[in-house]
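Presented sequentially are two complexes of subunit A, the first with subunit B as partner and the second with subunit C.
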Partner chain A sequence: MKTEVRRTSIRGSSIRTKANLTGWLFISLAVIMIVIFYFYPMLQALLLSFKSGTGMNLDYVGIDNYKRLFSDKTFTTALTNTFIYLIVQVPVMIILALFLSVLLNSRQLKFRGFFRTAIFLPAVTSLVAYSVIFKYLFATDGMINKLFMSIQLIQTPIEWITDPFWAKVTIIIAITWRWTGYNMIFYLSALQNIDQSIYEAARIDGASATRQFFGITIPLLKPIILFTSITSTIGTLQLFDEVVNITQGGPGNATLSISHYIYNLSFKYTSDFGYAATVSYSIVVIIIILAFLQFKLAGDKK
Partner chain B sequence: MKKLLTILLASFMLLTACSSNSDKSTNTSNEGTNGGSTGKKQEITVWAWDKAFNIAAMETAKGIYAQKNADVTINVIENAQDDIIQKLNAGLNSGTTKTLPNIVLIEDYRAQSFLQAYPDSFFALDEFINAADFADYKIGPTSFEGKQYGVPFDSGVAGLYVRTDYLQEAGYTVDDLQDVTWDEYIEIGKAIKEKTGKDMLTQDPNDLGLIRMMIQSAGAWYLQEDGKTPFIANNAALEDAFNTYKNIMDANIVKVISDWSQFVGAFNSGDVASIPTGNWITASVKAEAEQSGKWAIVPFPTLANTASSVHASNLGGSSWYVMNVDGKEAAADFLKETFGSNVDFYQTLVTEIGAIGTLKAAAQGEAYTAPDEFFNGQTTIADLASWTEQIPNVNYGMHTYAVEDILVVEMQNFMNGTELETVLNNAQTQAETQIR
Partner chain C sequence: MNKLKTTGTYIFLILAAFISIFPFLWMLISATNTSADVTKGKLIPGSYFFDNISNLFSSIDIGTALLNSAKVSITTTLLSLVIASLAGYGFEIYRSKAKDVVFSILLLSMMIPFAAIMIPLFQMFAKLSSVAPAIGIDTLSGVILPTVVTAFLIFFFRQSTKMFPKELLEAGRIDGLSELGLFIRVYAPTMKTTYAAAGIITFMASWNNYLWPLIVLQSPENQTIPMLISQLGSSYSPDYGMIMTAIVISTIPTALVFFFMQKHFVAGMTGSVK
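For the complex of A and B:
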């Protein structure tokens, strides 16, 4: 008996091993590529973050770069700016996208296809191209100011780009314009997967539209909301094109983002790739923490 | 998987640095193989950034050199200045010299950061050119440890461009603006604003070019003479410049702008009465032909409370560098025969392109002494060339832009009422942490 069992188990395991091997073989190419092109540079970047110096004269400085982060006022400014974008822009965009998607999902709405395309269209434009256009729209003697002044909304032109507060507002408006449609598409597809009969049942029970929205739509969209908020968070933390093209980080670092600071450290100033790598890794740490928090807050065990 | 994704995205920042130089390799890869051997056809690659200015100058030089040296092919490749800096940094760091050009144009403010950060990557030109032939102030940025690495190109000599018609309307003449201090400039600016409603000048709060010109006129800079130690606190010239800048901004004579096209637009449309800037703006000023005869160029104003301040300064300007790769001798010889010594060539540069060089001998040429009708017959080139020789020589060092980004922030604080001493001390502390 014993030998019988063992023999079958050996045969079984050998089949399994074979199947496993085939499986590994199939993914091995992808794994090797990922290791070479992602993990290896990541490791190199980590090593680089412990070095400092100008250009090629890099020396190991231990955790000195990480200490420098905490006393670096420009880094703190960049971090604060990025978080302001994050805290203001992401919720505004998510809510706006939700609102629009529910509107566009309504069956009574005519020309739905047209509106959907129109709202999604910003997402296909090039980041640089739209940034440059925004820069001119929001210039002190640009179209937005002219429009506002001609309808008597304001008396003197708003300094959209040269005032520290308004420059941040301009950036937030720009990113919201660019990404709302993109997020809306996710909600729209999720909404279409919700069974209409659930709403029917709710209506029969006498639930109001608001109640339906908060009682059915939101809970069923929760995984998508989590997904979009995480991707938007990551996107905002990596904000670069808009800031560089619209305000160049100014006035006086008031709109500088972390990625822009990394760029400056590497290319604008005498290049210190070591410290730039340290700042890059700080983004990694922040993103991991934020993603973790969002998972926890959303209460999803999976 | 999500964590992985997040890390991957972050590491893109560094990856892009590596990938950016690969697209150029197709253009220049043939240079590495051909460049080294003499006798065969030599190829020299040049990187520069301004089609109407330095590229045009290079093309002219190419034409002149080709008449005598038919066996050398010169490829001038246009890249944006930012791209050149990125590609140089990426190429020099990775050690792949194949993608690098033979000759590259580098802005004087950045030159030291390349020469010092990548020693041995540039080719010393002492055997090819004589540094003493060029304007003194150009030698600081283009040399390192006693060796001459750059061939000085354009003069960034600053002048004060003024609208004579606006001056007249306010009851002044051009003579009233000759050799003035900034304080006098502000008074005239106020009068013009009152009479004509026009602003005196434009300023971009993100760009402290005006401060740079002011302190160089006094022979001072953001850094000590060693080019490394921040010199912000207790820098008398910088203090004076900060105060002057604030007085200008507070006098309500400034049109605030945020980029180059608004800057050019402001004077082309007649919105401002003066432009304190580098002479390379001449072409843009003359682009508005209707304003012919309405402009004059007067010497740069001085800082009223700084004795060392002279009526000459500089903004921008760049020089040619030979990379230490195959073909360096050929490249150096090309520069020697053109930018390094050819006086006639410099006359062509002035007449064809409007580029004022820094070769001292060139100033005696015919083109330099010709009057310019656009400026009411003023011999502008001769004036600018004579101011070029008076520009105080300062060591720009390695960190001009790093310090400037700190100062831009502190300048905002100063404008909003913080004490000057506090502002400069803060900037000094930050610069010390940032620069090492």
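For the complex of A and C:
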């Protein structure tokens, strides 16, 4: 009796082991590639951040690169710029996307399909292509200034690209244009999953539209808002294509982003892969801190 | 009051739609005009489109760039669909504690900024060049390899697999299909929508990728479309009409992919977000 039980359990576990092994085979290729192309380079970058030199000739220099980081004015500028983009752009875009999705979710609205497609359209374009278009549109003698002047909004052309302040504004406008519709689609699909009877009950209880928005919509969308704000934060911290193609980091370094600075350090100036890796680790640290804060802010993670 | 609110809603939406569409309109209109007309701010379509096209193809090797981008994007998309769907399926169907741990570690790679790994990746491919020049620096394989698998796509397939009716697998097993046979004959055909959505996401990302090709590719004959557009955009005396024509042409593949598969895209996206 006892041996009988044992034998079946062995046979059962051997089938399970076999299935388990098949499972590992299914995932193996993907796991190996992620390790080779993400985790291994990540480790290499950490080692690299303690080295310095030109090109492929690098020597260990201890924490010299990290000391240099704190006295590096260009790094401070790139960091400040990136944070300005982050603090202004991400909240503006998320609020705008939420607002648009609530409007577009209304069943009484006419031309819903048209509005949705139109507002989503920018998300289909390539980052480089739209950046080049924006560069021309926002040139001092470009279309935007011409339009604004023709409707008497401004008297003299704004230096969208060549003024340090306006150049930042242009970058923020550009990113917001590109990504608002993209985030809106996430909110729209989440809104469509909310049971309408909740709103009906709230209406019977006499809750106003604003009350319903903050009392029902926002709490129910919290997980997706968290998701989009984390992905947007990571995206903004990696900002590269727009800055390179709209302003080339200028005027001066007024729009330089961290990724752009890392690129310049590695491939444009006399390349110093070691120090560039040190700068790149600063983004990693920032992403970890911000993701942690966003989870904390949003309360329990679900 | 209510009427005022509705009017306000429409004005706001019309404005948002206009701002979203305007750069496209301007691009299309400018592609049909001469550079001088574009500078003057002409906002009516002209008759210069075909001249812009012939200028473009005679002065710039856009054909090669289009071909390179097509090779890279199609190969990347096919490979990543196979590898990521195998993994997503494996994680969900053969679920175990150890695999769940591996899965959450893989997800961490989504937080890794590309800027942090691009230098080691460049070094990796530079070293590879001396051993296997065919997949090293300045090759299209070098562009493709590190971008093929993303944790996002694996996550995407796993999430969608949660909704896959597992009874179909039991039925297939009784019919004597092997484990791989189940994946190919039963799973893959049922998950067409997921494959379509994942395909769109991957194709677009690959077609539009700029930073990595910029680093890994050096010779002009290996240039991809975003590199070419960026180069055109930074020229000192730009031919606006011609550049806009180049951008229109470079956008056609992604626009086609998107519009033909839009239904699958939205269905797949919402499926994964749930």
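Simple rule for what comes next: the second predicted complex is superposed on the first by the 272 of 302 C-alpha atoms of A that agree within 3 Å, B and C clash if a C-alpha of one lies under 4 Å from a C-alpha of the other, contacts with A are read in each partner's own complex, and residues count from 1 in each chain.
We take it that a residue touches a chain if its C-beta (ideal position, glycine included) is under 8 Å from a C-beta of that chain, and two chains touch if they have at least 3 such contacts.
All values reported here derive from a predicted model rather than from experimental measurement.
Look at A:140: by the touch rule set out above, it reaches subunit B but stays clear of subunit C.
Of the two partners subunit B and subunit C, it is C that touches the larger number of subunit A residues. In the superposed model, A:159 makes contact with subunit B only, not with subunit C. In the superposition on chain A, contact of A:288 is made with both subunit B and subunit C. By the document's definition of touching, of the two partners only subunit C reaches A:122; subunit B does not. By the document's definition of touching, of the two partners only subunit C reaches A:190; subunit B does not.
Within the superposed three-chain model, A:131 lies in touch with subunit C and out of touch with subunit B [touch as defined at top].
Of the two partner chains placed by the overlay, subunit B and subunit C both lie in contact with A:277. Using the contact criterion defined above for the overlaid structures, shared-chain residue A:262 touches subunit B and also reaches subunit C. Once the two complexes are overlaid on the shared chain, A:80 sits clear of subunit B and of subunit C alike.
Judged by the document's definition of touching, subunit A residues 38, 41-42, 45, 48, 56, 135, 234, 238, 248, 259, 262, 266-267, 273, 276-277, 280-281, 283-284, 287-288, 291 lie at the interface with subunit B and also at the interface with subunit C. Only residues 2-3, 6-15, 17-18, 82, 85-86, 89, 92-93, 113-114, 116-119, 204-206, 256-259, 262, 398-399, 401-402, 405-406, 408-409, 411-412, 430, 433-434, 436 of subunit B touch subunit A when the two sit together in their complex.
Every residue of subunit A that touches subunit C in the complex is listed here, in rising order: 19-20, 22-27, 29-31, 33-34, 37-42, 44-45, 48, 56, 100, 103-104, 106, 109, 114-115, 118-119, 121-122, 124-137, 141, 143, 146, 177, 181, 185-186, 189-190, 192-193, 224, 227, 234, 237-238, 240-241, 244-245, 248, 258-259, 262-263, 266-267, 273, 276-277, 280-281, 283-284, 287-288, 291. By the touch rule above, subunit A contacts subunit B in their complex via residues 38, 41-42, 45, 48, 52, 54-57, 68, 71-74, 77, 135, 139-140, 159, 161-162, 164, 230, 234, 238, 247-254, 259, 262, 264, 266-271, 273, 276-277, 280-281, 283-284, 287-288, 291.
Within the complex formed with subunit A, the subunit C residues making contact are 9, 12-13, 16-17, 19-21, 23-24, 26-27, 38-39, 41, 43, 83-84, 86-87, 89-91, 93-96, 99, 102, 106, 109-124, 126, 145-146, 148-149, 151, 154, 179, 183, 204, 207-208, 210-211, 215, 225-226, 229-230, 232-234, 238, 240, 243-244, 247, 250-251, 254-255, 258, 266, 269-270, 273-274.
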